[in-house]
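Input: structures, listed below.
Below, chain A partners chain B and then partners chain C, in two separate complexes.
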Partner chain A sequence: MSGVEWTFIKIVIGMLLILGFIAFNAILLGYGERKISGFIQGRLGPYAVGPHGSLQMMVDMVKLMTKQIITPKKADGFLFWTAPILSFMSVPVLFMVIPFSPSFTVINSGLGIVIILAFSGLNVLALCIGGLGSNNKWSLLGAARAVSQFIAFEVPILLVVLSITLMTGTLSLSEIISKQGGFPWQWNIVLQPIAFVIMFVASLAEMNRVPFDLPEGESELTAGYSTEYGGMGFGLFVLAEYTHIVVASSVITTLFLGGWKGPVFSGIWWFLLKMYILCFIILWIRWAFPRVRFDQLLNLSWKYLIPAGIFNLLATALLVKLF
Partner chain B sequence: MAKESSHPIEPLIKPDIVPPVVQFAVAEKFIEMCRSLSIWPMAFGLACCSLEMMAAGMNRFDLARFGSEVFRPSPRQADLMIVPGTISKKMAPAIVRLYEQMPHPKWVIAFGSCAISGGPFVFKEQYGIIEGIDKLIPVDVYVPGCPPRPEALFEAIFKLQEIIGGKRWWPHPPKEAK
Partner chain C sequence: MVFSWLHFAIILFLLGGLGFAIGPLMASKLLSHKIKDELLYTSYECGMVPHGDAWGKFGINYYFYALIFLAFDVDVLYLFPVAVFYPQAPGIVPFIDVLIFVGILGAAVVYFLRKGVFTWPRKVHIQ
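Take a look at the complex of A and B:
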C-alpha cells in the first residue's frame, strides 16, 4: 500500500475515533458542569435520571434532537443554518494534530500549532454569521462582542506561542513535548510562567467562558448569538463550546505541562489526566467568578496581557540568544 | 391538578397538532420518555410566585435533581413555560408572544392563584388583570396556592412528566415508610 492511501485510511479512522471522543467529552463536561455547579452551590446537581444523574445529558441530547426546527421568518435561512454546522465542523480538525501519545497522533504535522490557531478561528466566524443571519438585535450584539473579544485575545495567544516556539525551535506539537521531560520541573511552565498565565486567561476569553462569557451574557443579551437557535442548532453550538474547552486544555497541556510524559509510565493516561484537570479548573472558574464588564475585558487584553506577552517574547529571545 | 378537558373557557391559542404519517411505537415511547425527563423551563417571572420558583432551584429544594434546573433565557430553547404570577393586561401580549416563540413540543404550568383564575384580584369593576392564563394559552398543569410552595412546583413537574411520558418516576417512597 502506498503512503498516500495509508495516510488517508489513518485519517478516516482517526476522524471516527475523534467524533466519538468529541461526543463523549461533551456529555462528560456537560454532566460535570451541572454536577460541579451543584456541589459549589451546596446542591446535589442532577441526581434522579440514572445513577447519580449520569444519564441526564443523554436524555437532554435526545430531547434537543427531537425539538421542532424553527427558522425565524426574517432570518437569512442559509446563513442561519450554516453557522451551527460551521461551528461544529471545524472542531474535529483541531483534534487531528493534537499528540495524545506517540501512537495516538492522527497527523504528525510540522505545523501543528499553526493548524490549531487557524481552525479555532472558524468558530468565531460561525458565531458572527449566526448572529448576523438571525436578524435579531441580541444576536447581532452578541456576535459583535464575540468578534471583538476574539480579535483582542488572539494577539496574546500568538505572542505566547511565539515565545514557546523560539525556546523549542519548532512548531510541531510532538516535538515541543519531546523537548520537555517527565518531571514537573522539566516542563515549560517552569521556564515560562508568565506565558502560561497569559495563555490560560486568553484561552478562557477565546472560548467565551466565564468570567469572559459576554457574547452570551444572559442578563444583558437574552442568550447572545444563540438567541434564535432552538433544538440541535443550539446543541451544536454547545457541543462546539465544550470541544473547544477540551482542545484548549490539550494545547496548554502540550505546550506547558509536558504532554504525555509523566514521572513514571509515560503514555496517553498522563495526557488525559493533565487535560481533565485543566478542564475541571475551567468548569470550576465558571461557578466561582462573576462576569467582567466589556471595557474591563478589553482593557485586560490590550493594557495588560499584550504588553506582558511582548515583554515575555523579548526576554525569551534575549535568553535564547545568550544561552 | 391535571389538565381538565372540559374546562369552560376556550383558550385564545389552540395547539394545531398534525398526526405523524408513519408511527414508530418504540421510538416514540423512547422519545417521549426523554422529553419527560428533560424539561427545561423558561427563565421569566411575573410577580411574587416567581420567587418561589427561584427558591425551587436553590439548594434547599434543588430542582436540578430532576434535570429541570436549566432555566433557558431564550424561548427558542425552552420546553416549559411556568407562568408565575399575576397577568396584567399590559403584560399579556408579551406572554402570548413568548409562548408562540417556543418550539414544539411545549407545555405550560399555571403557577399560583393569579395565573389560574386571577386570585385576589377578582372583584367587580377590576380592569387591569387577566383572570387566568388559560384564557390566552393552553395550560397543562394548574398549581394552586398563594403562592404555592416549591414542593408544589415539583409535584407539578412530576404531573407533567406523567402527562408527557405516561409514567410517574419520582419520588420513590423510602422503604421503611411503606
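Take a look at the complex of A and C:
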C-alpha cells in the first residue's frame, strides 16, 4: 500500500475513533456529573435505570431525540439552528492534534496548539449566534456575557501558552511532551507553577463552567443563551460543553503533566488517567464553589491573571536566557 | 494551492462534526411528535406573553473590555513566531526586545487600571 493511501486511511480511522471517543465521554461525564453531584450533596444520583443508574444517559438520549424541535416564531430560523451545529462542528478538530500516545496521534502538526486555540474560538461564535438569533432577552444577555467572558480569559491562556513555547521553542504538542520526562518532577508543572494555575482557572472560565457559568446562570438568566433550545438543539450545546472539558483536560495534561509519559509503562493509559483526574476535579469544582459576580469575573482576569501571566512570561524569558 | 494533509484533515474533521451534529437533529425531526399550538412557538419570558422584541438597544458596560482585548490579542499573536525561535537566539538582546514589547503591554494594563476601566460604577440606591 502506498504512503498516500495509508495517510488517508489513518486520518479517516482517526476521525471515526475520535467521534466515538466524544460520544463515549459525553455519556461518561454526563453520568459522572450526576453521580458525583449526588454524592457531594448526600443524594444517590440516578439509580433506577440499569445497575446504579448506569444506563440513565442512554434513556436520556432517546428522550432528547424524541422531543419536538421547536423554532420560536420570533427567532431567526437560520441563525437559531446554525448555532448548535456550529458549536459541535468545531469540536472534533480540537482532538485532531492532541497526542494521546506516540501511535495515537491523527496528525502530528508543528502548529498543534495554535490549531486548538483557533478552533476553540468557534464555540463562542456559536453561543453568540444562538443567543442573538433566539430573539429572547435572556438569551441575548447570556450571549453578551459569554462573549465578554471568553475574550477576557483568552488573553491569559495565550500568555501561558507563550511561556511554554518560550521554554520549549516549539508549538507542536508532541514535541512539548517529548521535552518532559516520566516522573512528576520532570513535568512542566514544576517549572511553570504560576502558568498551571492561570491555565486551569482560565480554562474553567472559557468552558463556562461553575464558578464562572455566568452566561447560563440559571438563577439570573433562566438558561442564558440556551433558553429557547429544547431537545436535540440543547443536547448539542451540552455535548459540546462536555467535550470542551475533555479537550481542556487533555491540553493541560499535554502542556503541564507530561502527556502520555509516566514513571512506568509510558503509554495512552497514563494520558487517559491524568485527563480523567482533571475532568473529575472540574466536575467536583462545580458542586463545591458558588458562582462569582460578573464584574468580579472580568476583573479576576484583567486585574490578576493577565498581570500574573505577563510577569510569568518575562520571568520565563529571562530564565531561558540565563540557563 | 499546495495540498496539505493538515488542511485535508481539518476539512474532513469539520465535515465529520457537521454530520455528527445534523444526524441526531434529523432523527429528532423524524421521531418526534408534531404539535401545532400557537403558544408553543412564543418566546419564553417566564410564562408571560413576551413584552416587545429582544433586538433593541441595551447597555453593555463591558464594551471597553472588548476594545482592550482586540489590542491584546493581536499583540500576543505577534509573539508566537518570536517565541518559537527565542531559545535558539544567541545573546541577551532577544530578551531585551521581548521585555520592551511585553513591557508596553503591561503598561497598557496599568494605564487602564488607573483610568478606572476595571472599576464598575456602584448602583445608586434611592431612599
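We adopt the following convention: the second predicted complex is superposed on the first by the 318 of 323 C-alpha atoms of A that agree within 3 Å, B and C clash if a C-alpha of one lies under 4 Å from a C-alpha of the other, contacts with A are read in each partner's own complex, and residues count from 1 in each chain.
In this section, contacts are C-beta pairs under 8 Å (C-beta built on N, C-alpha and C of every residue); 3 or more make two chains touch, one makes a residue touch a chain.
What you see is a predicted model, and the numbers here were worked out from it, not measured in a lab.
Shared-chain residue A:Leu44: touches chain B; no touch with chain C. Contact with chain B, but none with chain C, is seen for A:Gly53 once the two complexes are overlaid on the shared chain. When the two complexes are overlaid on their common chain A, residue A:Glu218 makes contact with chain B while staying clear of chain C.
Of the two partner chains, neither chain B nor chain C is touched by A:Leu125.
Within the superposed three-chain model, A:Ile70 lies in touch with chain B and with chain C [touch as defined at top]. Shared-chain residue A:Thr170: touches chain C; no touch with chain B.
Shared-chain residue A:Val320: touches chain C; no touch with chain B. Once chain A of one complex is fitted onto chain A of the other, the partner contacts of A:Gly231 extend to both chain B and chain C. In the superposition on chain A, the chain among chain B and chain C reaching more residues of chain A is C. Look at A:Leu272: by the touch rule set out above, it reaches neither chain B nor chain C. On chain A, the surface touched by chain B in one complex and the surface touched by chain C in the other have residues 66-70, 222, 227-228, 231 in common. Those residues of chain C whose C-beta lies close enough to touch chain A in the complex are 5-6, 8-10, 12-14, 16-18, 20-22, 24-25, 27-29, 31-35, 40-46, 50, 53-55, 58, 60, 62, 65-66, 68-69, 72-73, 76-77, 79-80, 83-88, 92, 94-95, 98-99, 102-103, 105-106, 109, 112-113, 118, 120. Residues 7, 11-12, 15-16, 18-19, 22, 64-75, 81, 84-85, 88-93, 96, 106-107, 109, 111, 114-115, 134-141, 144, 147-148, 151-152, 154-155, 158-159, 162, 165-171, 222, 227-228, 231-233, 235-236, 295, 298-299, 302-303, 306-307, 310, 313-314, 317-318, 320-321 of chain A are the ones that touch chain C when the two sit in their complex. Within the complex, the chain B residues that touch chain A are 30-31, 33-35, 37-38, 40, 43, 58-59, 62, 64-67, 69-70, 72-74, 76-77, 79, 102-105, 169-170.
Across the complex, chain A meets chain B through its residues 34, 37-38, 41-49, 53, 56, 59-60, 62-63, 66-70, 218, 222-223, 226-231, 234.
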